[in-house]
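Multiple structures are listed underneath, in structure tokens.
Both complexes below contain chain A, partnered by chain B and then by chain C.
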Partner chain A sequence: MIRISKRRGQDIAYGAIGIAAFLGLWEYIGVNQLAGLTWPPLTAVLAFLFDPSRQTLFVRATSASFSMVGAGYVAGGVLGIVLAAVAHLVSPLKEGLGRLSSVIHSIPSIALAPLFIVLLSKEWSGMAIATLNVYFILFIATQSGLAAATRAHHDVFTVLGSNRFTRLIRLEAPAALPAIVSGLKYAVPAAFIGAIIGEWFGATRGLGLLMVSAMQNFQIPLLWSAVLITSAGSLMSFGLMSLVERFVYARYR
Partner chain B sequence: MSGGTSILLDHVGKDFEMDDGRKVVAVEDVRLEIGAGEFVALIGPSGCGKSTLLRMLAALEQPSRGRVTVDGEAPEELSRNHRLGVAFQDHALLPWLSVEANVELPFRIASRAVDHARIAELIALVGLKGFEKARPSQLSGGMRQRVSIARALVLRPDVLLLDEPFGALDAVTRRQMNLELQRIWQEQHISTLLVTHSVDEALFLSDRVVVMSGRPGNILKEVSVPFGRPRDPEVMRSGEFHRLEDELTEALEQPGVAA
Partner chain C sequence: MPGILKTAFNRYWGVLLILVLWQAWVTIGELNAIVMPQPADVVVDLVGNPGIYLKNGVQTLALAGGGLLLGMAFGSLIAIACWFSRLATGMLVPLAMIFSSVPVVALIPVVARLLGYDIKTVMAIVVIVSFFPAFVFTSAGMRALPPGSEDLFQVLGASRKSRFRHLVLPAAVPNWMIALRLAAPSAVLSAMLAEFLMGQSGLGYMFRAAAGDFATERAFGTSVIATAVSVITFTLSQRAERAVNERWR
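Up next, the complex of A and B:
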């Protein structure tokens, strides 16, 4: 039996009302052309999107972009978690790695994209920017998570004669899990943004390319379709990670 | 097995440096011996350095002066060999582990094979049979402290350190926990240091009560507890108990003790 508390029920209802209002407003503005020609009604975008003749186009673009998003997400996540753990264990590296990460993060990815195109290839720059975005979020999340274990917990491990490795595996890593999962959640939109921006700079396939070409050719429904697919993918992954996060937090309370 | 471990705090002192560079003497000069299998209680006003003494014994702090030895060895040696057991006021259980897994933790830290029979025995001993799979957040404060005491005892340590383990509990639960701790301790006489605020807890549980003065910490008085073991709660109503309680309370209230 699934029991939903009154509060949760209310939250879900408010959420549904909010989404319905948003979509309704979108449709209303589009139908009445309140925002001009560049704002199509939702129904027009959906009709364009699900037209069978465009199936191959969207499937190809979506799979190209989402695999870049996924690859960047995984690579950035692994890199961020591993380097944060290294910085945590090897204290001389701590300051340096933290600062290096901040410096890289403070350079706008728009400015880095041309560099990646020159250094890597057009195809991989989307993934590279996604990796960089995700890396920074996970580096910071893991670093603060590894410092989250309380003094009392550390004292217990010290008194019981724990070595460094056991302390990391049995105390610091589990204590870091909630922060890491939150990091993974917030890294989802960052990965999408990174991949799409990367594709703007001359990828041969993908939703980012579709957006740029639709914009330049004034194909408004195509532009909105690409944006809609990207947003839906990002929101659904974000929602999924929120569920994982809730589960982990419940376990760690 | 335990039984042969004696502890010596040999004229130890501890200073702390404040942010403005001033030096605060937390413990001035303390000499305290705990015999093999002896249960010593340390009482004193808050901030008198009694927890600091315990932390030095637990290898969590270094003395500024003097030496702490356990059977002639440094406490670090003892903890490295997984021969220390400790329970703090903050139960410090890992929230992501079950009761059972929390009690197992010392085996894992010591890289020893987990003795499931021993864990089951200890969980039963602290009265938590049936709660093996529960997580700390699902337990009451008293139950959490029992898990933390089971964890402290699971490796049969040579030295048991208890830092206000029942300080956060209500009076009734606390009394009940005292009875249970006595029963558990009875099964295996471990050299024990208990730090507490409570005079009757100290008298009921220990062989010897040591009173510390307020900052800087020094030993004011030592009282041997004459009651035989096992002790019945009735003992707390005896005239002798009340006399000792008054004597210790009076020692705590001396002007030098004011925090």
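Up next, the complex of A and C:
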């Protein structure tokens, strides 16, 4: 049985009131058209979203976008962790890789649009931008995590004569795990942003495309529905990663 | 001198490699300029048309910078207002956390439709994007006071107002600077995305126009300026953070 302290319970209650107030305000503004015709009530958006006749449209767009998010998340995560480990092991490469990563990161993703449209087919630019966004976060997180093992632990490994590789696997990798998992958590919204931006550059399906065409054609409920699906997806994945993070922090720190 | 070159090479070999690969790829593949421009052509276009780059670059920089400061101001003001009421903090902090774990740029089409296709809308989007980190970090800073300091104020019989003025507000400043540094890149990005989607003016619009005309050297030139704008904003906010932290600690 988990015991919840009084203050914690109060926090949860206040948070719930806040969220309920937000949703209520959304509905109220929509119903009374305080913000004009372009602000639909929440119930109208939900009704539009769950209308059976639009199931195929939303399922197709969502699966297209979320598979780009997932692929970019995995690719960027693997790339970031592996390259940070390489930079950690091969010190001549360290500075160059770090600089290259931060130069690429300082290019706003929209500035990469022409490159992706030329290099890859438009279908993949969402995944590519998601990959880059996630890559940078994980590169930085892994790099700082690998440096987190304490001096004393390092000394033990030196005294026992372990080689570089054993040290990485048995000491530095477990010590880096909390930082990596935190990186993975913060990479979730970044992956979604990347995929959506990529689709704005001219994908032929996906939620990003749905948003742009709905915006241009004044399809207000469709526009809000696409935004709602994206936000809900990001929020749920973020929540999931927060749970994983809590578990890893309890075990490895 | 060779020493400097060596450090420069050690730091920037990755960037150099990309430029060489780009040039080699265009030359070996004999690509048409419509498909992929040469690095040199991009430079020529940049130097040849400084006016249009400057005008749009300055506009985007001003919108991003202005929106960033305004959003930060709103965020921290509301965080301060919330400090006086536990109910308000309890209600707003979870909401702000939700918003900061959601891709806020996805709201750009919604805001564009709500406010109309206008420069003011670009500004509003930047304000919204910068609001959340400012709010979350300022309210976190106001609650994470140095250990023992609160007891000291209690013992000395400080009023709630003077506790706020002399303890809580100064404690929040370093966090405020972190929020500024984190919000700066996304402010620039969202300004450009809004311009891209609405297609009125600014750097974002230049991408769209250039891509539509197959003017690839213009598109890549815009990328260079966009990166410069982003780096300028980021560097300025980083400098500000460092300067404040040196004075504050």
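Everything that follows uses one rule, which is that the second predicted complex is superposed on the first by the 242 of 253 C-alpha atoms of A that agree within 3 Å, B and C clash if a C-alpha of one lies under 4 Å from a C-alpha of the other, contacts with A are read in each partner's own complex, and residues count from 1 in each chain.
As a working rule, a contact is a pair of C-beta atoms (placed from the backbone, for glycine too) under 8 Å apart; a residue touches a chain by one contact, two chains touch by 3 or more.
Source: prediction; values computed, not measured.
**Q** Clash or fit: what happens to chain B and chain C when chain A is overlaid?
**A** After superposition on chain A, chain B vs chain C: fit, no clash.
**Q** Looking at the overlay, what does A:Val212 touch: chain B (first), chain C (second), both, or neither?
**A** second
**Q** If you stack the two complexes on chain A, which partner ends up touching A:Pro174: first (chain B), second (chain C), both, or neither?
**A** In the superposition, A:Pro174 touches chain B alone.
**Q** Return first, second, both or neither, reflecting whether A:Ala152 touches chain B, chain C, both chains, or no partner chain.
**A** first
**Q** Quick check on the superposed pair: does A:Phe50 touch chain B, chain C, both, or neither? Answer first, second, both or neither.
**A** After superposition on chain A, A:Phe50 lies in contact with neither partner.
**Q** Is the number of chain A residues in contact higher for chain B or for chain C?
**A** After superposition, C is the partner touching more of chain A.
**Q** In the overlay, answer first, second, both or neither for which of chain B and chain C A:Ile107 touches.
**A** Once the two structures are laid over each other on A, A:Ile107 reaches chain C alone.
**Q** With both complexes superposed on chain A, which partner does A:Tyr28 reach: first (chain B), second (chain C), both or neither?
**A** neither
**Q** Have a look at where A:Trp224 lands relative to chain B and chain C in the superposition and call it first, second, both or neither.
**A** Touch partner of A:Trp224: chain C, not chain B.
**Q** Could you say whether A:Leu160 touches chain B, chain C, both of them, or neither, answering first, second, both or neither?
**A** A:Leu160: touches chain B, not chain C.
**Q** A:Arg251 in the overlay: touching chain B, chain C, both, or neither? Say first, second, both or neither.
**A** first
**Q** Working from the superposed arrangement, determine the closest approach of chain B to chain C, counting only CA atoms, in whole Å.
**A** When the complexes share the chain A frame, the smallest chain B-chain C C-alpha distance is 20 Å.
**Q** Is there a shared patch on chain A that both chain B and chain C touch, and which residues make it up?
**A** No residue of chain A touches both chain B and chain C.
**Q** Which residues of chain B touch chain A once you look at their complex with the stated criterion?
**A** Contacts found on chain B: 58-60, 79-82, 84-86, 88, 90, 92, 94-96, 105-106, 108-111, 135, 137, 161.
**Q** For the complex, give me every residue of chain A touching chain B.
**A** My answer: residues 150, 152-153, 155-162, 166, 170-171, 174, 177, 251-253.
**Q** Provide the residue numbers of chain A that touch chain C in the complex, in ascending order.
**A** Touching chain C from chain A are residues 10-11, 13-15, 17-19, 21-22, 35-36, 38-39, 92, 95-97, 99-100, 103, 106-115, 117-118, 188-189, 192-193, 196-197, 200, 211-212, 214-215, 218, 220, 223-224, 227, 230-231, 234-235, 238.
**Q** Note which residues of chain C are touching chain A in the complex, please.
**A** 10-15, 18, 35-36, 86-87, 89-95, 98, 100-103, 105-107, 109-110, 112-114, 185, 188-189, 192-193, 196-197, 204, 207, 210-211, 216, 219-220, 222-224, 226-227, 230-231, 234
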